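Listed next: structures, encoded as structure tokens.
Both complexes shown next keep chain A, but they swap its partner, so chain B is in the first and chain C is in the second.
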Partner chain A sequence: MQNNAKRLLIALLLISLCLTGCAKPRIVDDVHLVQAIGYDYYKENYLLGTITSPVYSQSAGSGIMPPKSDVMSVVVKKGTEVNAELESESEYQLEPGKLLVSLYSNEIAADGLFQYVDLLKRNPDIGIVTNLAITEGSAKEILEGQYASDPLISEYLSNMFKKHATNNFPETNLHTFLYQYAGKGMDPFLPLIKKENEHVKIIGIALFKGDKYIDYVPYSQAFVFNMLYQSFSKGNYAVPLNASQYVSIENISSKVDYQVEPRGKDGRHPIVKISVEENGYVRESASVLKGKHSIPNLQKRLAKELQKNGITLIKNFKNLRTDPLQIGSHVRSFQRHWSEAAWMDYYPHADIRLKVKVKLKHEGITN
Partner chain B sequence: MALEIQENRQVSPYVLFFIIYGIQTGIGVINYQRPITNSAGYDAWLSILIMGFIIFVVMWMLTKLLEEHQGDLITIHHHLFGKWIGGFLSFLFSLYFLTMSITVLNTYVLLVQVWMFPQMSYWEIATLLSIVAYAYISGGLRSIAGIAFLSSIYSIPLILALIAPLNYAHFDNLLPLVNHSVPALINAGKQMSLNYEGISILLLVYPFIKKTESRDNRKQWVFYATSMTTVVYLVVYLVTIVYFNPQELDQYLWPTMSLWKIVDLPFMERFEYIGITIWIFVILPNICLTLWGASRIIKRLFSLNQRIIVGCLIIFIVLFGYLLSNQVELDIWNKYQSLLGLGVMLMYLPFLYFYNLVHRKMRKSHAKQR
Partner chain C sequence: MKWFSKSQQSMREKQLENIYTMLEGSGDYISKKHQLKKTAIYCSFIRTIVDTDMLQRDILTPLIQQSEGTTLEELRTSLPFEEVILTDDVNTIKEKVLQGHVLIQLEKNSEQGLLLDVKAKNDRQVSPPEVEYNVLGPNESFIESLDVNIYLLRKRLPLPNFKIKEVTVGKLTKTRTAIIYIDGLANEENVNTVMQRVTAIEYDQIIDVSFISQMIEDDHNSAFPQLVDTERPDRVASSLSEGKIAILVDGSPFALMGPTTIVEFFSAFDDYTLNWYIASAFRLIRLMSVAFSVLATPLYVATLTFHYQLIPKNLLATLISSRMGIPFPPLAEAFLMEFTIEVLREAGVRLPTKVGQTIGIVGGIVIGTASVQANLTSNVLLILVAMAALASFTTPNYRMNNTVRLIRFPFLLFAGLWGMYGIACCFAIVVAHLLRLESLGRPYIEPFFPLRIKDLKDAFFRLPFSKQKLRPMLLRPQDPGRVNTQRASKKHDIDD
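Take a look at the complex of A and B:
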């Protein structure tokens, strides 16, 4: 009896091996990996979707040829999925599992991004660290372009975003966008890119109100934005000394701290105090760092400059009624029974104070 | 009349830790964050502690009951309610265990279908799982204890993987502390019931645990396991809420799976697929123990061959589960399942304990009168 049961069990297990054929296999050579996708408007009610996927080929001899980017685009009515339509052009099944970047033209983003992002969010195949970006001009143009640094535009953009996330720029990806979009007291932001000859350039931080693109912070102010947004370690910033000279500072660490007086002076409105501590060293300078330009003076100068720019930035955000720095969320964490509506009423004239301290450790190997 | 189990069928006391831990952490861990957050916002971690404490007390009651009656659930029911009513109550418990295994099996099948193999049918996945489950159950409690042990070992990487989301942590999500009322916290605690469901298996397993001659240390492992479960739930919950904000969390059906999406290893792009695969070892002890429990009760009541009962029960749950093989129906089923679990754990089991106290008094006074 015991033996029979065992035999039966083994037989059942063996039969179950046949079940492995039940799921559709997806062999990497027989699928087209969609690595980048771009959306543009086309005439009025149409959408121009563009995808690129790498084509790896081998020459007859021994050498491996560099991969080529295969670009396909299709015009669909608004509200339909692009991938399904593109199948008609594609040699192999399209698989979005390795999607690296997803681009949206500024016109599309101005009308609201959520319906496009929802496609990425719902599909379990798509990774959460996929990069999103807004393009100034056509997304298709960027995807079609030929670039000197990397034959694959998807890799190029993805590496560029990855590098920026550790240098000067706040990290953005699908997760941060979804977090900032859904959260109360915060608004999303994404990199804004543009094609320039043989390169793609990040020209700033695109600001959103809800899921609608409204304005951007220019690249030169990205450091200031990042300094207010989070604590980070690497970055650089140039301070003008006079009309023709400047000094460039390399950042070692930047710490930001939000303190909120939940009821303020009048007992109702919170006061937000932001303090930033910068640690850095001098990287480049066109003048000798002495006298007026000695390190202590430079520190003061830099602190003043950063503070001024930071306040201007915050003022702009207030006027735009957008909150990419998540100030509302910081207030929420200090205030009991915080309400988003009340905060948004108060936000445009909120009392937000900024204090920047700068410490320069050294001036390099010459003075 | 104490229930004696042959020594070669018994397991060591520390195995009880893995059995209790194994049956508590199951299908609940992947989506308990959402309902409790909806009730108590991000203060729900307090509810987890409250619920953990309550379960601790219930576990203590169960061990007291078991020690007094020197047997298992059937003995207790028999002593307290007599042969017929007691037997009937035990039979109901058997059905309760069956509903649990249906819940676990179906939730896992749906998980596989949504995340990995949309084309695979319910039958294929459920049949495969049930064959594996049968293989373990037919080996008796000892082999089930083995898979429970392995399950705890295999799930370690899953817990370690929760370090990755901390890169995106917003710790101020936790603030301000205790922004919710006590009823809201308790309500959230109630939503945790699906997570702790299965503790009643203790009532059946206990006699199988070896008692050392010198002192009885079976109890302590029960408490270690309960604490461990609570700690795991607490940690997973804290990681979830610093990674997602409440509005976002509400959109995800399986927050724990979505947490793993952020894990980005150089040799592996998507960790969540590994997560789902390893998850099979987390749910296997659940299916095995609940089915074993259901069949054990029937065996004790009707003196039938347990292997045959298990076979029949497995075929039954696979067939029955087909009725629940889509998301909408399963959600409704899970809702009732957690209500049922709540009733059993927080009402019936404590009732049993207090009834036993009264019963003992009555017996004593009865004896005195004679």
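Take a look at the complex of A and C:
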């Protein structure tokens, strides 16, 4: 009996070896890795899709030759996949599994991004931390460009986004976009980039209403945005001393706390109280910080400025009826019967208060 | 009944005749007459295995010069030997003469005789261990003589309950096999298991203890050794005092120990001579190198063949450019390299030491540079394969070492066919096998399954001796405590 079972098992194992044709091998040097993809409008209902993939050359004994960027573009009908159309031109199978960045032109984003993001979402090969970004102008132009710092635009952008996520900029990727898009009481945001000569520059935070791009926060206000959005560290911000002089502050920690009075004064409308605590130090200063510019004065000034800018930012968001700071979601966690429709009606004239406290721990070595 | 005893008598005479004719047939059998003061004796022995100096000095000289006895009984008392056998049993005579005894008789080829042990002692000296080398600690290893080996153990364990059970196995070799344990400490069930299995061995030759090991193991088809073999008497002594059972064989410089667990194969004696956390660190390094050695190349193959998504983006350039232009798929490439390493190792073992140096040069040049330059293999894989080979050699036990080296081939094959899924399948098979495996009826991966927290004190980590107050639960020792707890609690500092 046991013998028979064993024989059966061995037979099954041997048979299963014949099934191995089912798993399609994708040997890493025999595929074309699509690392960046860009979408532009071509004309009505047609898109211009651009992909880049790295072309590595053989290492000649010692060291690695820098890879080259292979850029391919194709005009496709809306809703079809760019990769599939480009198979006819590529030497190897195109594989999107190492997709690092996906770019969308501002025109495309303004018409709604979800149908494109959906393609990424559905493909199990594509990682959830793929970076998304909106381009001011053509995405193809950015992907085709030659850049001094990195021969591969995909790595250049991916490294740049990664670096920004550790200081002034909140983290954005496919996951955050989908979360913010699907979540209640919040709207997504993505970095907005632009090509400038030999570099790509982040010019701001693109704001969305639903999946439609509507406006952006300029890069200079990214610190303020991030300060309101999350607790973070290692951001930097410049405070003007006077018309020509600035003091650069680096923050050690920034803590944001949302408190909501669910019923408010009238018993119906909530009051949102945002309190921010900044701990920082002076990193760069043109003059000796004394008298009018002494540290206590500087703290007050910075607090005032951050508060003012923050309130302006929130006011703008209210006017745009977009909620990238997820204030709705914060209110929802304090209110029992929260409804999105009711909140969106109230949001443009919601009572949102901001209080910023600043503490500068040191100013470095001065004479 | 007279006819019966008569026929028995004639049968015995016939047997006797047979034996002496058989012995005389071999060229080194000597039977010589010596005249004593009052009687003559016949002295028979096999020249090649007898110490003839001793024979002349200690037996013949005193007999010829001094002895006045006329019977064997009288001669026996006059000889300064601790053991003199007076026998009329034909089989004993045959056995002892063949083992190096001298036979003294009054009549040539009669059935009665004195047997004296004058075996030549041509054993080699006790030397430092060569297989299980360690830096600190004792430097003795077993030799081919069972008596010397037992001496090495006995001097470490001067105990009245140090038990040696001797049995003879092997139809032709008649190998003396000793089963050693500490009575009152070792579990009797274990002792009975070993005794029963050893006595049940039915084979013509037992040349080495590894023959026994393969015959009494719980699963003969397992790739994993289920009994530890060691050449270190200190290690055996320490295991005996834990309650293990040792098997020694005459003619083999190794001892077998059981029951054991998989962890013991990865522990070296240095684990106990070094401070506990340093020892634990090295043991962890050893365990990690085993995991690395088994999984490194299969993971490389699986990742490069099926799961390119797993490669970090900064590693892509290194991997792809080193694989550029290589005509094989990763599986073939890895197999080729692993095969080359194994061939080199095997050749290195088999080659005489004087020629052995060539292996290093051939290996270094062939796989080091030429195969990379000829685009047959990638640099990255070469590093992985070399590291895996190196890591496999950290396993202190030679038999486990072989297992670790071979077990990666099925992993490699499955990784090449099914990717990560294949590795997982292979892993599941190995784990299932280990779960079922037993060593002398005790679970093989014991502290982990069944989970016994108390035995974890000497598994991944080797905790300090103060935490090792109990003997391993695996062995179910009759006396589980290592220390006298009353005395230990009384211990105090000198300034208290």
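Things to note:
In the analysis below, the second predicted complex is superposed on the first by the 350 of 367 C-alpha atoms of A that agree within 3 Å, B and C clash if a C-alpha of one lies under 4 Å from a C-alpha of the other, contacts with A are read in each partner's own complex, and residues count from 1 in each chain.
Here is the rule we go by: contacts are C-beta pairs under 8 Å (C-beta built on N, C-alpha and C of every residue); 3 or more make two chains touch, one makes a residue touch a chain.
In this text, all values refer to a predicted model and were calculated from it rather than measured experimentally.
Once the two complexes are overlaid on the shared chain, A:S158 sits against chain C while remaining clear of chain B.
In the superposition on chain A, no contact is made by A:D345 with either chain B or chain C.
In the superposition on chain A, contact is made by A:Y56 with chain C only, not with chain B.
Residue contacts after overlaying the shared chain place A:P25 against chain C, while chain B stays out of touching range. Of the two partner chains placed by superposition, only chain B is touched by A:Y179; chain C is not.
With both structures placed on the common chain, the touch criterion links A:K98 to chain B and to chain C.
In the superposed pair of complexes, A:G127 makes contact with chain B and with chain C alike.
Shared-chain residue A:S333: touches chain B; no touch with chain C.
For the contact definition in use here, the residues of chain A common to its chain B contact set and its chain C contact set are 23, 97-98, 127. Residues of chain C touching chain A in their complex: 303-306, 308-309, 311, 313, 316-326, 329-330, 373, 379, 417-419, 421. Across the interface of their complex, chain B is touched by residues 5, 9, 12-13, 16, 19, 22-24, 97-98, 121, 124, 127-129, 175-176, 178-179, 182-184, 329-330, 332-337 of chain A. If you check the complex, the residues on chain B that touch chain A are 114-117, 119-121, 124, 127-128, 131, 134-135, 138, 168, 170, 172-176, 179, 244-245, 247-248, 251, 258, 261-262, 264, 269-270, 272, 307.
Looking at the complex, you find that chain A touches chain C at residues 17, 20, 23, 25-29, 31, 33, 35, 54, 56-59, 61, 64-65, 67, 95, 97-98, 100, 125, 127, 155, 158.
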